[in-house]
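Below you'll find a set of structures to go through.
Next come two complexes, and both contain chain A; in the first it sits with chain B, in the second with chain C.
And now, the complex of A and B:
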């Protein structure tokens, strides 16, 4: 081959290598950036008066006087809106039956849209679900709902070969000639006066319990559940894993039995996570009956088995990286083997062991599949420490799935989902980051 | 052992006098301690046995009730009907499809990245590249699933055609250009006159490049014109899964590449090979078995993944038409287990409950054997390389 061509091939080979690393970095950014930017919006956002009302009523937080004052200002505009509605309703009475029926069918959706926008209208029965007691709590969502209030969404099915297209019809034109026409420009113009948007920092998102299955409120039960599950798994797996690692590195003799144990370890590491869930269900719940049904205990045990191989491997590596001279010095001073392990080797290996433990903690916090059948429920309040043996808990990982795929109003609470994903990802990444930093320090120290 | 020697030697000094009884006690406690350690260490093996046993015990009743044929040959999956139908062929096919798709994407990229990490990047840059890979590995699968469902699927559904076209141009254009250059060079290699050869190769280059450009443009426009009915499809899942299995493939194959010693590389350089030739013709063959192990582990990662496929594969149990259509919704084994257990759990003991364990057993057996194979491969490679 031509030398020039060979050079080109060599360069492009290098470029492919760089390219794939760049692709990984870009993929990481593409995944993380929307999660971070949208997730931050669950705490920092433009909140409306409805949000402050909700906080006051459900959590008893907020300044009463200011709330009353704000409410009074908002009420001025609200009364005008209500006035227009009642004017139209009395106008309806004067119409002939056919026309009335026609308008009535269009008027219903208008009222519903208005209600989702600014909260319950006067003269209606008190809503049972909390979600119907308030209007839009977030200004961004309120603007979307305003559009839905002003325009009716219709679908164009005229072309049978292509997918149907959506288009919008102004509701104002549908009520041309009636008194209701004035309502639409009025609401559009004065929505800010009614809802009074204001920049809000809602740390309660992380510490409040959820109201009406996450329509309002925070994600504390999930955070706590994740914490219980991950820490519980560590309580079981960490001591077992470290002891097993000590055995493998210090006591095990090469042989058939030892190779079986090692194979078992790598087999366990390769078992699909959903199979752990099946095993947890079949063994811990149906056979051992550690609890009636799902419980934090069963979930923790299942997660512990899952992270055990990781902990063993990390601890083994950490123990093996302790310089041989340490051990020899201790033994030559007359210390027994066990004493050497406890006082010299383990302390020296401890940072490395903890690094492995921290990474496993992150893994246990992020896993979903093993806890689906063993520990997770979709709705529920935070459980007490005494309940971990008997009751299931909501957990971040499971509830992200549940809110995104199974929640009845999944599209309405994207901000909660993003907030949960961001919380989970930052918990896991912070744990990993601290592990990476710890490891960098250890390798510096070992180099001297 | 060492301490015992010391005790014996210094027996006369008085400070280390240990009575026979006490020594016996010490020895006893030592054996007892060691056996406790052994017991704990063999805990892992016991757990593996238990997993096999308990999954199998709940899987066997399904095969007793319904036999093997329906599960593996039919694709009618109606577990809720009375009587239910449990044909898992389409589900197994869906699992295979996304695994294959993600492997096709992740293996070339992973090996290229591993080569880059082990042979190309200087040490200082490598330190920054590694955390990127570790972070990619650390992100919880449900976060990837959420991304696939909420961000990627709508994007694919509305702008799928242009996205596919751009991906095609970015991926295929450089490689086609390279291929054109190499082919032109190879075809003109036999011409002896220097000037004629250059002229000839320029002409060939121009002709081939035009042809390649036309091909690129044609495929690109076909892709752009595609209408994607649903964004939650096999393609979406394959792409996301490939990023999830990349870290495994990269780190295991990087280990394999580094296990190939410096002397081999230097021998190749000394014979006048470029870096690319050294890697492709010397290092990769020597590390091939380790890389194969990496690929197997990556495949297992994709096959065993639950959340991404459950959230973003569409969960529709049918074999796509045509069979390679990645733009259709599919359903996988893991997603079926996760999704159906909620209802099947109510009827413990029915075929509907046990069929999910049968699927789990299938996954378990596949993962067991591929683990065994990859482990054997790694051990063998280590032996061969250290033997040289």
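And now, the complex of A and C:
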């Protein structure tokens, strides 16, 4: 090959390399930016008085005096709103039956929308679900709800060949000629006075239990569950994996049996995680009966089986990369094989083994499929350490899926979902970062 | 068998319990009294890697408390032979032996031989300095700790004694807690010698101990061998014929797995009995 062609090939390869890295970087940006911006919104946001009331009632947090004061200010505007409602209701009584029926059917949705916006209206039975006890706790959401209050959403089906079109009708126009017509501009103008938005830092998102299946409150049960499951998996998988790796590298004789074991291990590393999940259900819960039904223990065992091949591979690599001369030196001093492994080989292989371990820990923390059937529940409180043998737990990975797809009010609490995603990503990143730091520290110590 | 009369003479004459044959020593060296006890005895000893016979039917006595050099071209089996003595070849799965190799009259490859105990008595220093990634102190104390010494004071004594024997004490006494990998190559190699001495072996096997070192460090190791001579049975594999002639009392010349000649060093270098030996030491092949 002549020099010119070679240079062109080299250059073009560099270009392709750069290109692929750029594509990867952009993809990462596209994924990470919304996760971070939306996720941060679960802790830092503009909270309303409703949020502060909720915190006070459900978690006993907040300054009573200030809350009373604030509430008094808000109440002034609320009373005016309530006044308009009752005025309209008495006006209804004076109308003839047909007209009354017509207005009542329109008045119902208005009341519901208002209730969603600013909380329970006087004269109604107290709500059973916590979500109906408060108005909008986040200002951003309140603005959305205000729009829904002011405008009725309608669909235009006039063109049968196309998708129907969404359009908005002002509710105020529907009540033209009644006293209620004043309500809409009043609420629009004074919503801030009623809800009193204020910049809020809600660290409780990370440390509180959820209230009414994640409508309010935090994600501590999920964080703790993820921690229990991942650490539990490591407790089983790490020692087993390292022992297996020592066996493969130091004790096993090359042969048919051994090569079958090795390829089995490699194959296991590639098995889809849902298969491990079903296996966990069938084996640990139904056959071994480690617990009545789903439990942290069963989930940890399933995750352990899943990450075991990776740990074995990483530990094997690490042990094989220890210079043979260490082993020779140790043996020549009259050390037994066992002693050599424990005092020379494993310490020298430790950085690699730990890296493999922590990366597996991150994987265990992030996996959803293996815990669906073995450990995860969608809603639950944080469990105690003593309950891990019998209780299931919420976990970040599963609850992210649940909030994204199955939760009855998924659209209302996207911020919780993003908060969970950001927490999970942060936990995994932190674990990987700590692995890198730990590795660097041990390597430095080994190198002197 | 390709073997000179002289080598056979050494082998046979020394195999008696206490041979008192005069041993040739270069004039500048002290005469070692009471020498001549065979320490390691090879009888028709062969080493195989799978089918390949790397060392062929060696018959030789290594005499106690002398320095024996093993020379020969690359791949002649000299390292293999040396590593057979403390069974380091066990690490190679395909390696096996025939014949007998006796250490103090006991078969090294015997069925009931404890290779761990054997290696405690037959220490080895390798081609490349291989200190553990631990502190200097822990490197030296590694062996004694293995053999059950945990008393801090006793360990300190052993460490100091071993380092002094290896002529390294003055250089490292103020930084025993520093990582051994921070030492220079020559220091590391002397540390390895000290580490081996710390378990108080009877035999010291040196496998090309200076091949990775500069001339100055090499000189120090050679001085060290001189110091240790008389206290230990030393076997040194070397590529450097000057080194062999400088440090050893006896020299073995291996060629293609065969022990061609085994004689007192001065005799082998000045008056080799075998054509092959002569060709090798005069540099006609290497």
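In the analysis below, the second predicted complex is superposed on the first by the 418 of 448 C-alpha atoms of A that agree within 3 Å, B and C clash if a C-alpha of one lies under 4 Å from a C-alpha of the other, contacts with A are read in each partner's own complex, and residues count from 1 in each chain.
Assume a contact is a pair of C-beta atoms (placed from the backbone, for glycine too) under 8 Å apart; a residue touches a chain by one contact, two chains touch by 3 or more.
Please read these numbers as outputs of a predicted model, since none were measured by experiment.
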- First (chain B), second (chain C), both or neither touched by A:336: both
- Message: I'd like to know which partner A:325 touches here: chain B for first, chain C for second, both or neither.
- Response: second
- Query: Once the shared chain is lined up, is A:48 touching chain B (first), chain C (second), both, or neither of them?
  - Reply: neither
- Could you say whether A:9 touches chain B, chain C, both of them, or neither, answering first, second, both or neither? first
- Mind working out whether A:344 is in touch with chain B, chain C, both or neither, as first, second, both or neither? second
- Look at A:393 in the shared chain and tell me whether it touches chain B only, chain C only, both, or neither; answer first, second, both or neither. neither
- Note on the structure: Note: overlapping chain A surface for chain B and chain C spans 331-332, 334-336
- Could you pull out which chain A residues touch chain B in their complex? 1-2, 5-10, 12-21, 23-25, 27-28, 31-32, 34-35, 162-163, 240, 243-244, 246-248, 251-252, 260-261, 263-279, 281-283, 286-287, 305, 308-309, 312, 331-332, 334-338, 359, 362-363, 365-369, 372-373, 397-398, 400-401, 404-405, 414, 417, 421, 424-425, 428-429, 432, 436
- Note which residues of chain B are touching chain A in the complex, please. 1-3, 6, 16, 30, 33-34, 37-38, 40-45, 47-48, 50-51, 54-55, 57-58, 108-110, 112-113, 115-117, 120-121, 129, 131-136, 138-147, 149-151, 174, 178, 181-182, 185-186, 189, 227, 229, 243, 246, 250, 274-277, 279-280, 297, 300, 303-307, 310-311, 334, 337-338, 341, 345, 348, 356-357, 360, 363-364, 367-368, 370-372, 375
- Item | Residue ranges of chain C in contact with chain A within the complex | 86, 88, 91, 93, 116-117, 119-121, 123-124, 126, 128, 130-133, 142-143, 146-147, 178-182, 192, 195-196, 199
- Item | Contacting residues of chain A [partner chain C, same complex] | 253-254, 323-336, 339, 343-344, 347-348, 445-448
